[in-house]
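The letters A, B, C, D, E, F, G and H name the chains in turn, as written, and every chain counts its residues from 1.
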Amino acid sequence: MAEFQLTDAGEAAADPVVGIIMGSSSDWDIMKNAVAVLEEFGVPHEMRVVSAHRMPLDMVDYGARAAGRGLRAIIAGAGGAAHLPGMMAALTPVPVFGVPVPSRYLRGEDSLLSIVQMPKGVPVATFAIGEAGAANAALHAVACLAMTDSALLEKLQAYRARQTEAARAMVVPPHVTL
Amino acid sequence: MAEFQLTDAGEAAADPVVGIIMGSSSDWDIMKNAVAVLEEFGVPHEMRVVSAHRMPLDMVDYGARAAGRGLRAIIAGAGGAAHLPGMMAALTPVPVFGVPVPSRYLRGEDSLLSIVQMPKGVPVATFAIGEAGAANAALHAVACLAMTDSALLEKLQAYRARQTEAARAMVVPPHVTL
Amino acid sequence: MAEFQLTDAGEAAADPVVGIIMGSSSDWDIMKNAVAVLEEFGVPHEMRVVSAHRMPLDMVDYGARAAGRGLRAIIAGAGGAAHLPGMMAALTPVPVFGVPVPSRYLRGEDSLLSIVQMPKGVPVATFAIGEAGAANAALHAVACLAMTDSALLEKLQAYRARQTEAARAMVVPPHVTL
Amino acid sequence: MAEFQLTDAGEAAADPVVGIIMGSSSDWDIMKNAVAVLEEFGVPHEMRVVSAHRMPLDMVDYGARAAGRGLRAIIAGAGGAAHLPGMMAALTPVPVFGVPVPSRYLRGEDSLLSIVQMPKGVPVATFAIGEAGAANAALHAVACLAMTDSALLEKLQAYRARQTEAARAMVVPPHVTL
Amino acid sequence: MAEFQLTDAGEAAADPVVGIIMGSSSDWDIMKNAVAVLEEFGVPHEMRVVSAHRMPLDMVDYGARAAGRGLRAIIAGAGGAAHLPGMMAALTPVPVFGVPVPSRYLRGEDSLLSIVQMPKGVPVATFAIGEAGAANAALHAVACLAMTDSALLEKLQAYRARQTEAARAMVVPPHVTL
Amino acid sequence: MAEFQLTDAGEAAADPVVGIIMGSSSDWDIMKNAVAVLEEFGVPHEMRVVSAHRMPLDMVDYGARAAGRGLRAIIAGAGGAAHLPGMMAALTPVPVFGVPVPSRYLRGEDSLLSIVQMPKGVPVATFAIGEAGAANAALHAVACLAMTDSALLEKLQAYRARQTEAARAMVVPPHVTL
Amino acid sequence: MAEFQLTDAGEAAADPVVGIIMGSSSDWDIMKNAVAVLEEFGVPHEMRVVSAHRMPLDMVDYGARAAGRGLRAIIAGAGGAAHLPGMMAALTPVPVFGVPVPSRYLRGEDSLLSIVQMPKGVPVATFAIGEAGAANAALHAVACLAMTDSALLEKLQAYRARQTEAARAMVVPPHVTL
Amino acid sequence: MAEFQLTDAGEAAADPVVGIIMGSSSDWDIMKNAVAVLEEFGVPHEMRVVSAHRMPLDMVDYGARAAGRGLRAIIAGAGGAAHLPGMMAALTPVPVFGVPVPSRYLRGEDSLLSIVQMPKGVPVATFAIGEAGAANAALHAVACLAMTDSALLEKLQAYRARQTEAARAMVVPPHVTL
């Protein structure tokens, strides 16, 4: 996997600040994009499969203990009738960031609506379908943390400056390397 | 309310066989159509607001006790990011019948997809958006019960025969009464 | 076909309790997921192609005889303008479980709406588009049967316990086998 | 009802050439637009409620006898999971013209897909959702009949000429009559 | 191409009864399914590319002469903003049968709506997106012709009988030939 | 009508530079928003009903003469299967600006796709569904004209400056006048 | 306006922590639901109309100064081609919470997609279409702030406890007061 | 790349009349279709990556200087939450022609709505999703320029005449070359 290097793949940080959960290990190809962002920013995190439909009591337990364990953000990805982000939001005051995982036939339209259309009172911050959404959920969580962490804010601003430079360096037609 | 008469409105039967749950009392206008069917067939039932997002632990408790309390079907209605039917299905082996309640802006398309697109392993039997779906969820539950209850099957067949007669009696242009 | 082994492929059980019908043999790749579930639970069943549009009188006959033959559930899959589940529901009091088979250009959105949006009075219990929906239709039928069959209920609970354990055993990043 | 005058409202012509059927008398407000066209062209017709879901055997009977009774076109309107046009097409070689009746929550998108997405081999000629579609189904049936009826073709050409003149006479801003 | 044999590929019959037109030669893969049906029924026909947007005056000419040339049906296929069927319907009293050709990004949803949603007064009989729709447009045209051609009606009934037999012969799991 | 004052309502300017055409006088409520913009900018224009489906030859004639008559932009509005903008684009090199008029049941989704999804080679510049789209089609035509008309460009810049000031003057909660 | 009482309506707090911006004063009816939440939690905030399309430079300025002014969250609402939330996210590292305001013809589907489908690198946390989304954007911002503000966290937990109690107190059929 | 030859690939013309901008170099495969048209017509142009979200200030600068630099049209392509065309339209009186670039999961539906649904006052002329839209945006810009450039108009008419001839030369079944 060339896109990024996991330094502690599959293992939780000692004191995770962000929990990344997903409904199935098959969501990994999407959700790894969130992990990569947290790695890049050095935000302690953990990754777990927590299936709303197959492990509902584990999900309740995860939610019940999230705040006490020091989690300050939960990134939750799921596809189809994607209930994990919304249920997690119901179970903890820790803010939940939802990622619509593309579904087989409806390409994530069902996932998106199942996550974003939460009723008043129980919010899920929702991001784009797929890889971009997973990365952005993590970036948004970083931004929220950075509001009280000036070192992290500096990192975020440097990240965005690099991003701007990379876009500025783009030419069309794209360079062809021989 | 002229369409039907509740004989035991708001009160649970002594030994309910069917539980009708909904995410909010604002779902009542839709869900009463399920109640009316059960009333008509004399199926003992109870009605409760069980909000997946605002009362998640009550929902877990309801699901955990459903089979032991003798429920043989649960009819669950919800709108928008409608998680109640799917979560109830995750919490009990009692079969769940889901009703997509129309949402304000997307008219129930979000509700429908949030209910029907369940992953393999945790089914929710889903019905049409709105009033028809609520009535049909109850009729389907009645049909399931009727497979081992010949008296109920007779009632169901009589109901359908009356329905056929009513359709046969329709004329166009519709009669105008003066 | 590695996913499951049919013990009596293509042949009806002596006294089928569940009928699995589909509009075309091309629906088999989806509908075999329903068959596999019934095999796993040991529920006697039969499988047939019953095309609503090309064999309408056979369909009527199948519906007319379903209850008398002892069927207690009919799982019907179809794609596009998917009329088979709804018509079967019109023809028998036996409860019908509908599976939207993905269509070529609209990926099953047409199939889903053609099955789920039934008018009041004639319900079809509808499940997700495709493979998950086929498996879940069978699981829901099993759950309905299990409400009066304690041995089957035990099997269902064991199935779900295994499913929970399998989800709990998932790790991310997924294991790579060499 | 000011828009048109039915000369034989609700009664069948002695030898109807076109059958207009609909799933419920509630479809009349849409389907009367088809009737009005046939009235205008003097095409003998009959109107009936034939519910696919509540009167399936009557539907079969209607289809089985359509050709023998001399019907040369059947206009069928239905809403939601709209199975009547497609099933009628399965039951008779008489060409079927389908009208998607607007549904309550999905405004006829479900009706349209349920009618138009027929599998190869059993066609339903489908028209626009609602009033325009009903009128056009009748106009198309008239055009088909007119291909072997020069008097009817003349009427059709005159109708279209009047229509062209009416459009040509339109001004904007529209005239205001005091 | 194994599915059918064109006996007079690309050439018009001496006195075509049905015109098959399409917006581009790239529509051929879909529209050949209509041709194959007319071949099978021995209905004299012609095939032409008539682009509404690139050859509008040719289109007008085709429409103006259609009735006089003896055409009794026009099958028109187009994709995207598919204007050919509707414009042809505006230009001739000959009935038009529209085929939504799948589009690159929206898979024919745009084609379908552009064809079916005609205003009152100018009908286009619309069929399913893609191959099935092309075949069905031809079958519907055949059915219309068969209403005054008993030999053709017999052929149509035989075709449908064969179709019914083929469906009845289907087994599941599908036969595997070695 | 308080929103704007037509100085020459319904009459063409002596030498119109912009033609505003629509499929029916019922489109006026939308299309008057385009007229109002041209009035405000003093751009000579004409307004006509030109129905693609009911007046196809008039449409051809309008297109054939558009360039010679000095028109430099054509604003075309239509609803449903909205063919007028695309056909006009096929008939003249004068650039066409399309306005999707909201349709009864699909609220302009059909109109939008029928207008915007033109094939390569025959463009229609498309704007938002409804009132905003009509005004913007005219504003875009004004901008195109302003590229070689410095007085008009000044007017456009002033218009936009006023628009900016109006937005800047907005407060929330909105002022309540007594 | 009975739903809530603004204590400082239209005026900014001395040191706002949350900025609430919207594209037009016509968005107020939706966005006031966000304001009400912040009022209830005593979070200092400001409200402004900042139109991305009519005041782009003001928008740039607002973004450029947001972090320096001490804003820790920006709630941005817009409808249709809703660019304000995404552009604000491009202009500041302060996290942006987007609210899709319902649009006239597409009921907010366009707003939702324009806000949520941001590319990787520039996230907008998106909430439900309309009133619920506005309230939830504010609740999510409160939750983010509460992660480093134990008093606010207590308030949030109390809010949610009250919400749970309110849901638990719901009965069906709803009480009727005489 | 056989479809067209760029004579000045990636370099701006000395005095560009049309600016072609896109959100990322990954949009090139679509946007090159616009470039090819301008090449064919000999319209001086420039091509740049201008990301609304990653280079917002560059975008503002580009817009602020567009009119002064002599640009008379800006063709802007973007995908997903596609804000570039609309923001550019907010920043300059130069008319903007928007191209919806297909997105990964929603195939450009999000891009289309994000571009076309602009509010009253700030128009973006929108074209089809993908390659056809890019070519057509350029053709429309050419047509606007041609209204005051008779040589260009002649070229445009010749282009369209060739296009008509090419369509007229199409046969079906398509020629097969050996």
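In the analysis below, a contact is a pair of C-beta atoms (placed from the backbone, for glycine too) under 8 Å apart; a residue touches a chain by one contact, two chains touch by 3 or more.
These numbers come from a predicted model, not from an experiment.
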Identity of the chain that, by mean CA position, is farthest from subunit D: A
Listed pair (C-D, A-G or A-H) duplicating the E-H contact set, over half by residue number: A-H
Between C-D and C-E, the pair joined by more C-beta contacts: C-D
Mean-CA-position distance for subunit B and subunit A (Å): 36
Whole-Å gap between the CA centroids of subunit B and subunit F: 49
In subunit B, residues with contacts to at least two other chains: 24, 54, 80-81, 106, 109, 116-119, 121-122, 124, 128-129, 131-132, 163
Chains touching one another, given as label pairs in label order: A-B, A-C, A-G, A-H, B-C, B-D, B-G, C-D, C-E, D-E, D-F, E-F, E-H, F-G, F-H, G-H
In the complex, subunit D residues that touch subunit E: 33, 67, 72-73, 93-95, 97, 112, 116-129, 131-132, 135-137, 139-140, 143-148, 153, 156-157, 160, 163
Complex contact set, residues of subunit C against subunit A: 102, 107-109, 128-132, 160, 163-164, 166-168, 170-174
Residue numbers on subunit G that touch subunit F, as the complex places them: 6, 9-10, 22, 24-25, 28, 31-32, 47-49, 51, 54-55, 58, 80-81, 104-106
Touching residues on subunit F, where the partner in the complex is subunit E: 23-24, 52-54, 56-57, 60, 63, 79-81, 83, 86-87, 89-91, 103, 106, 109-110, 113-119, 121-122, 124
